[in-house]
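Dumping the structure here so I can ask a few things about it.
Note that the chains take the letters A, B and C in the order they are written out, and that residue 1 is the start of every chain.
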């Protein structure tokens, strides 16, 4: 069986396809991605990808698109164009963003009682993909990265702000859930 | 002092500016945004925004851009274009997403159609011990414990993540197994 | 699925080593058997089993010390069934369908049924593979807010206190009830067939003969009647009783008649397996 990636990589000989592929990847970039990482993902030489990135950024600006592609010290990421910031602000404040959703609270609960814990472990307990929710929790300052486990997965723990929000001095003050749940440790072994 | 928002809203009389403003807002959308919410944020009539969204989606497709704008039941959201999935996957998963083995898939199939089901029942169908495979599936969040049967055996069911992974909305979307399997339920009663 | 390049129609001994290698392509006896059937291009619903028996036995023999006890046992059970079936086909057909014939037919049907079931789930698994491959082609944008927008957000509220948070956590960790109709109200008792055999043996030894209706007169639940019926079948199989039923749906009379060697307990085994 041929590798599907090889097939599409050949398609990137066209500059237009390379730009589109870059755009697809940039859409899911959260923390700025360095050029070499993007080049690696696309299977293309770094200089070619660097040039494509610069071309894409220029194109967005020339055409007055709603997004900007900017490089910071760490790498490339898509941003909303400055000019439209007032709309974006309104959108951001419009939603029910002050209170956490039920899904976010449940995910936070798993992190709180299992910390330090990897994202995949949290996902296993919750039975759903938690990537987006974990990012939100991190962005809201409730959880933070805390090293890696033996398998190389990023570990997360709750923050001081989390304790503050619950009115607790330390994690030891978290009410035990064992009485509510006799066999808690068996659940995901 | 004039409201900066009013100033820019006037700018949205141009269709091109409306599209760009929409694009800027869509960039921070992380759960599908309904048309009326977007119209509200942009201070424009819903039909005009609806039309703009459809226009933007069509434009992305016609120009073969790396992103797609799609409407689900709940609203609009940006996605990477399906054609570039291999690159996006490589970036997002960083090789973390391993393919399920055949044994894992077969075990998952039995759980999916027989849930809630005990491990020994699954083993009976497959004719082999499934303890290790079931543990792996649970660790990956594809199945989860679901109480015990009358005999005290732990029951398992599939999770949301299982549906997500297969691209199904609900268990009802699972293809019917009856045509493949006459009288399956009589076999190991 | 990959198989050894040549079918083992050649003398099995020199092929031993290759068998051992091939074995790891199979995840169990049903898998192996299906593989052999498809290699001989036989339909699983035809009487294909005697033709693949030799291959199967050869594979099983090659399992050797590689497999653990449970795995080997699984292969051996199927191998024994296959040998039984093949032997039955080689012997001249008897006119009378005695119990052993029936048992063989039953064994074959169960094996076919299990194979069909296994094949159905294999097909579903292949379908899952396709679904999985086509499912996630579009990745949604879900990134953290730029700091300039994130700063605008009011402080996050959890909306619960510490006790409420613990309650919520417990709810998350508690196994979810399966989405089924509760059956608890129907019956609580579990019925063991060996137990019922003991009860019936005691009574029949005293009374000599009884109708089935008399034997179940004291049962409170339907499940006990079922258990007692299974017990009667089991005792019949063990040749502890004789059954008399002039015609279908007529009254069934059970007579205490310990005769044959009271050995086989296959039925009991199966029931136990289901309880495990």
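Note that a residue touches a chain if its C-beta (ideal position, glycine included) is under 8 Å from a C-beta of that chain, and two chains touch if they have at least 3 such contacts.
Treat the numbers as computed from the prediction; the structure is a model and nothing was measured.
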Chain closest to the assembly centre - both centres taken as Cα means: B
Remotest chain, chain A as reference, centres from CA atoms: C
Centroid spacing, where centroids are CA-atom means, of chain A and chain C in whole angstrom: 45
Chain B and chain C, separation of their C-alpha mean positions in angstrom: 34
Separation of mean Cα positions, chain B and chain A [Å, integer]: 16
Two or more partner chains touched - positions in chain C: 139, 141-143, 145-146, 149, 175
Multi-partner residues of chain A (at least 2 other chains): 27-29, 79-80, 85, 88, 92, 125-126, 132, 136, 187
Partner chain A, residues of chain B touching it in the complex: 4-5, 8, 16-17, 19-30, 33, 37-38, 40-42, 64-67, 78-81, 83-84, 86-88, 90-92, 96, 138-141, 144-145, 159-161, 164
Contact set on chain C toward chain A in their complex: 139, 141-146, 148-150, 152-163, 165-175
Residue numbers on chain C that touch chain B, as the complex places them: 27-31, 70-71, 74, 78, 110, 113-114, 116-129, 131-132, 134-143, 145-146, 149, 175-180, 183, 190, 273-276
Of all residues in chain B, those that touch chain C in their complex: 26-30, 67-68, 70, 77-83, 85, 88-89, 92, 100, 102-103, 105-106, 108-110, 112-113, 115-116, 120, 124-129, 144-147, 150-151, 153, 155, 157, 164-168, 175, 177, 180-184, 186-189
Interface residues, chain A side, partner chain C - complex: 27-31, 79-80, 85, 88-89, 92-93, 97-100, 105-106, 108-110, 112-113, 125-126, 131-132, 135-136, 138-142, 165-168, 173-177, 180-181, 184, 187
